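Presented sequentially are two complexes of chain A, the first with chain B as partner and the second with chain C.
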Partner chain A sequence: MSGLSVGMFLFLVSVGMSLIFGVTRIVNLAHGSFYMVGAYLMVTLVEVLPDRPWAFWLALVAAPLGVAVLGGAIEVGLLRLIYHRDPLMQLILTFGLILVISTLVLLVWGPDNKSVSRPDALAGSVLIFGQRFPSYYLLVLGLAPVVAVGLWLIFYRTRWGMLIRAATVDREMLGALGVNVAALYTQVFAFGSWLAGLGGALAAPTVAVALGMDGDVLTTAFVVVVIGGLGSFAGSFISALLVGLLQSFGILVFPAVSIVLLFAIMAVVLIVRPWGLLGRPEE
Partner chain B sequence: MALLEVSHIDTYYVDSHILFDLSLTVEAGEVVCLLGRNGAGKTTTVRSIVGLTPPRDGAITLRGRDIVGLPPFRIARLGIGFVPEDRRVFPNLTVHENLEVARRTWGNGSASPWTEERVFDLFPILRERRRQAGGTLSGGEQQMLTIARTLMGNPEILLLDEPSEGLAPIVVETLREQLERLKASGLTLVLAEQNVRFVSDLGDRVYILEKGMVRYQGSMARFLADDEVRQTYLAV
Partner chain C sequence: MTASARALGLLAVVLALAPLALPPFFLQLLTEIAIVGLFATAFNLLMGFGGMVSFGHAAYFALGAYAAALLVKRAGVPMLLALPAAPLAAAAGALLFGFFIVRLTHTYFAMLSLAFAQIVFTVIFKWKSLTGGDDGLLDVWPPAMLKSPAAYYYFTLATVALSLFVLHSVSESPFGYALRSVRENPRRARFIGINVRRLQLLAFVISGAFSGLAGGLFAFYNGSVFPDFAYFTKSFEPLVVALLGGAQSFFGPLAGAFGFKILEWLVSRQWPVYWPLFLGTIVVLVIVALPQGFVGLAGGQGWRTRLIRKS
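Now for the complex of A and B:
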């Protein structure tokens, strides 16, 4: 159960990362940092908002939006300058962002772990098949299909989604057809950041909000994205669930090797299908 | 004032100098053909105009307005439609979606804007393929889709880069009739081609390119009457 909800957070982070890569071809190493900032913003918002039942939900909406604005600003101010540079430059830049963001988080929120209490309505637990589960996990699990269907509708039923899918294959052509691809990149980057921020904000009440959470989620999300196929939304979804489950069962069965197992699976996938489960081979 | 005026442009791919002091004009309603052998510079000329490979020197004006240096999407929005040589449909998008991403969402455009219905009237086969992925279409259907897609942006002038290349003769004939209808509707066309027979009825004027330079210009009738020009610049 908690494995499934961990899978959900991973899904949000990895689908955003995959989306950003699919369109901009940037492997955004700072994506885990956006997740972390989402969680910290959640901490602050829940603190400063009045102690009312709606405060938690408002924070849950506002925190990811804050991360989206941050992501959009980073795209306009920094990434835009390096799209045409070689991938190494891009990795160095986004790696630099990890350091900058974690230093800023340290300065703003301090070194101590934070926590967010669950909203009163979901503070308890429920009995399912004779087992007790925290009700908050049910919320997270209930959100999973909503987010997945929502994303599917956006990608396949809106014009914006069509533009995104077209940009993943031929941005030059899209521009020549009158589409402002630079603006589309900013929107996509902000949207991907929003997804990471939502993951962080949702995760905040289930984990210790701490400085290291960016690296942890980044490693796993990276594996998820690679297994699913960079740029493939459905691939990320399946692979996030897989990895989430694997991690939780792995930890139960043989805790020491669960991370090794993860990389082993990634290696196997890369050998058999170098472009990932549902990705497309590069031409 | 000419609709499109290219004057004395020099275009490079990084360090290699491709177009040399190239000039051409296109009047509204005309069909202008750019002819030349492989590597003559037809594609580079078209890419220079649409801003994908902007010239380093010289000027390109649309109704007197300089467009050199504008990003391609701005140039497209000013009314220059581009149909690339290698088709480049979005293979993962359906026919409907390919048209939808190119739909004009800026300004008003012409009084009678292109709609999906209107492009389907011109290319009926696309209506049947509406829900099919672009990548699964035949070569001829893909060529029609790229033209239809560009029309959705309501261009004033349509640049087509070797539209007949690699198509079966019967498909080429259908395509030629469709371009005739576009011409009859008053649309200005620039056709980069190697296939003289494809453009001989369609074109009003001809420019022949060789090694990135204009070697000949004249009316279609004059060009067709001149065997020597054809021998010198076009025969293989």
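Now for the complex of A and C:
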């Protein structure tokens, strides 16, 4: 169960990362930082807002939006300048952003761990198959299919989703057909950041909100995206669940090697199918 | 005698006389610069000359550091015999991982190298009985005759200078030029009879070996080794240094190491907390504004190429 909900957070982060890669061809290493900012914004919003039942839900909506604005600003201010450059320069730039964001978070929120209390309605736990589970995890698990279906609807049933899919296949052609590709990039980047922020905001009540969380999430989300296939939406979903489960069971069965196992699987996938389970080969 | 050879000779004299004028602290800083410079130059053999960007070079740095430290701590081998084990262990690791990594290109090359580095990090972190896990291995000091800052400075300087000479010879050898041709056009290189993968693997192993030597030197400089040596943030150090200095020239990373370490010292002396912010901002600015690094700026190259590309 907790494995599934970890998979859910991972899915939100990695699908955003994968989406951004699919459209802009940028592997956004700062994606874990967006997740962390989402969690910290959640902390502040829950503190600042009046102590009412709706405050938690308002924060849950507002925190990811804040991250989306941050992501959009980064895209317009920095990434837009370097799309024509070597992809590795883009990778290094987003790595520089990790350092900048983590220091800024330290300066704004201080070095101490923070926590977010769960909303009253979900503070308890429920019995499932004779085992106690915090009801908050049920919310997370309930949201998983909603988000997955929502994303599917967006990608396959809206014009915007169609443009995104078109952009992943052939950007130049899309631009030649009169679509404002630059604006689409910004939107996609902001949307991907929003997903990471949502993951962070949702995860905030289940973990200690701390400074190292960007790196932890980044490495795992990275594995998820690579196993699933960069730019593949379904691939991220399957592989996030797989990795989430593997992590929580791995820790029970063979604690010492669970992370090695994760990276070993990633290495095997990269060797056998470098473009991931459901991705497309690099041209 | 060419101008660059004269400049090198002058630099050698200045560095050799440095202990007479500088307090121990600055000798330590120079020692660190030399080690980081070697690490970044070894890394840049892949990036600058081979067009292969590894995101996991910390793995080889750490393999070298731990191989040397383990031999001293667990087997009681004297330091001067343990140090040569550093490049050997790193080369073995680079051969094993590189065999798979060079099969991929570009982004995937970078990602698989990162994955292997994370495996190395995790193994070091978890294998407490051998590596000490999170606590690292302490008391890894060189013998008494090399223990003073000046002595270790000379030792490092000599080792690094020798290594740079070897790396420079490699980069100027037919092998080095074959490597450049693979960077420019792998398919064409294959047509003229170059075994691309074997060449890339060999470059990977050489680069790994010297990264390991840098790790070994750092272990004895630091007196201890920690799992952080293999962490992914460490992998970005040579990348940033090479980028700052200019990856297109052989001595770029060395200049980058100089700038990087001096800047790190200046900034973290005043505001230790701000150093990552500073570094991150510099990285972002260099990428957006100075594609050729600072060495490129000095030569006026950076702006010219930018203008040409824009027009």
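Annotations
Note that the second predicted complex is superposed on the first by the 283 of 283 C-alpha atoms of A that agree within 3 Å, B and C clash if a C-alpha of one lies under 4 Å from a C-alpha of the other, contacts with A are read in each partner's own complex, and residues count from 1 in each chain.
Simple rule for what comes next: a residue touches a chain if its C-beta (ideal position, glycine included) is under 8 Å from a C-beta of that chain, and two chains touch if they have at least 3 such contacts.
Model, not experiment: these values are computed from the prediction.
Superposition of the two structures on chain A leaves chain B and chain C fitting side by side, clash-free. Using the contact criterion defined above for the overlaid structures, shared-chain residue A:Val226 touches chain C, although it does not reach chain B.
Of the two partner chains, chain C is the only one touched by A:Leu91; chain B is not. By the touch criterion stated above, A:Ile82 is placed in contact with chain C alone, chain B being left untouched. When the shared chain is aligned, no partner comes close enough to touch A:Leu127: not chain B, not chain C. Greater residue coverage of chain A by touch, when chain B is weighed against chain C, goes to C. Here the vertex is the CA centre of chain A, and the angle it makes with the centres of chain B and chain C is 90 degrees, a multiple of 10.
Contact with chain B, but none with chain C, is seen for A:Asp170 once the two complexes are overlaid on the shared chain.
By the touch criterion defined above, A:Val272 reaches neither chain B nor chain C. Put simply, the nearest alpha carbons of chain B and chain C end up 8 Å apart when the two models share chain A.
Of all the residues in chain A, the ones that touch chain B in their complex are 159, 162-163, 165-166, 168-170, 172-182.
The touching residues of chain A, when paired with chain C in their complex, are 27, 78, 81-82, 85, 87-89, 91-93, 95-104, 106-107, 215, 219, 222-223, 226, 230, 256-257, 259-260, 263-264, 266-267, 270-271, 274-275, 282. Residues 50-52, 71-73, 76-77, 82, 84, 88, 90-93, 97-98, 100-106, 149-150, 153 of chain B are the ones that touch chain A when the two sit in their complex. For chain C in complex with chain A, the residues that touch the partner chain are 53, 55, 100, 103-108, 110-112, 114-116, 118-119, 122-123, 126, 232-233, 236, 239-240, 243, 273-274, 276-277, 279-284, 287-288, 291.
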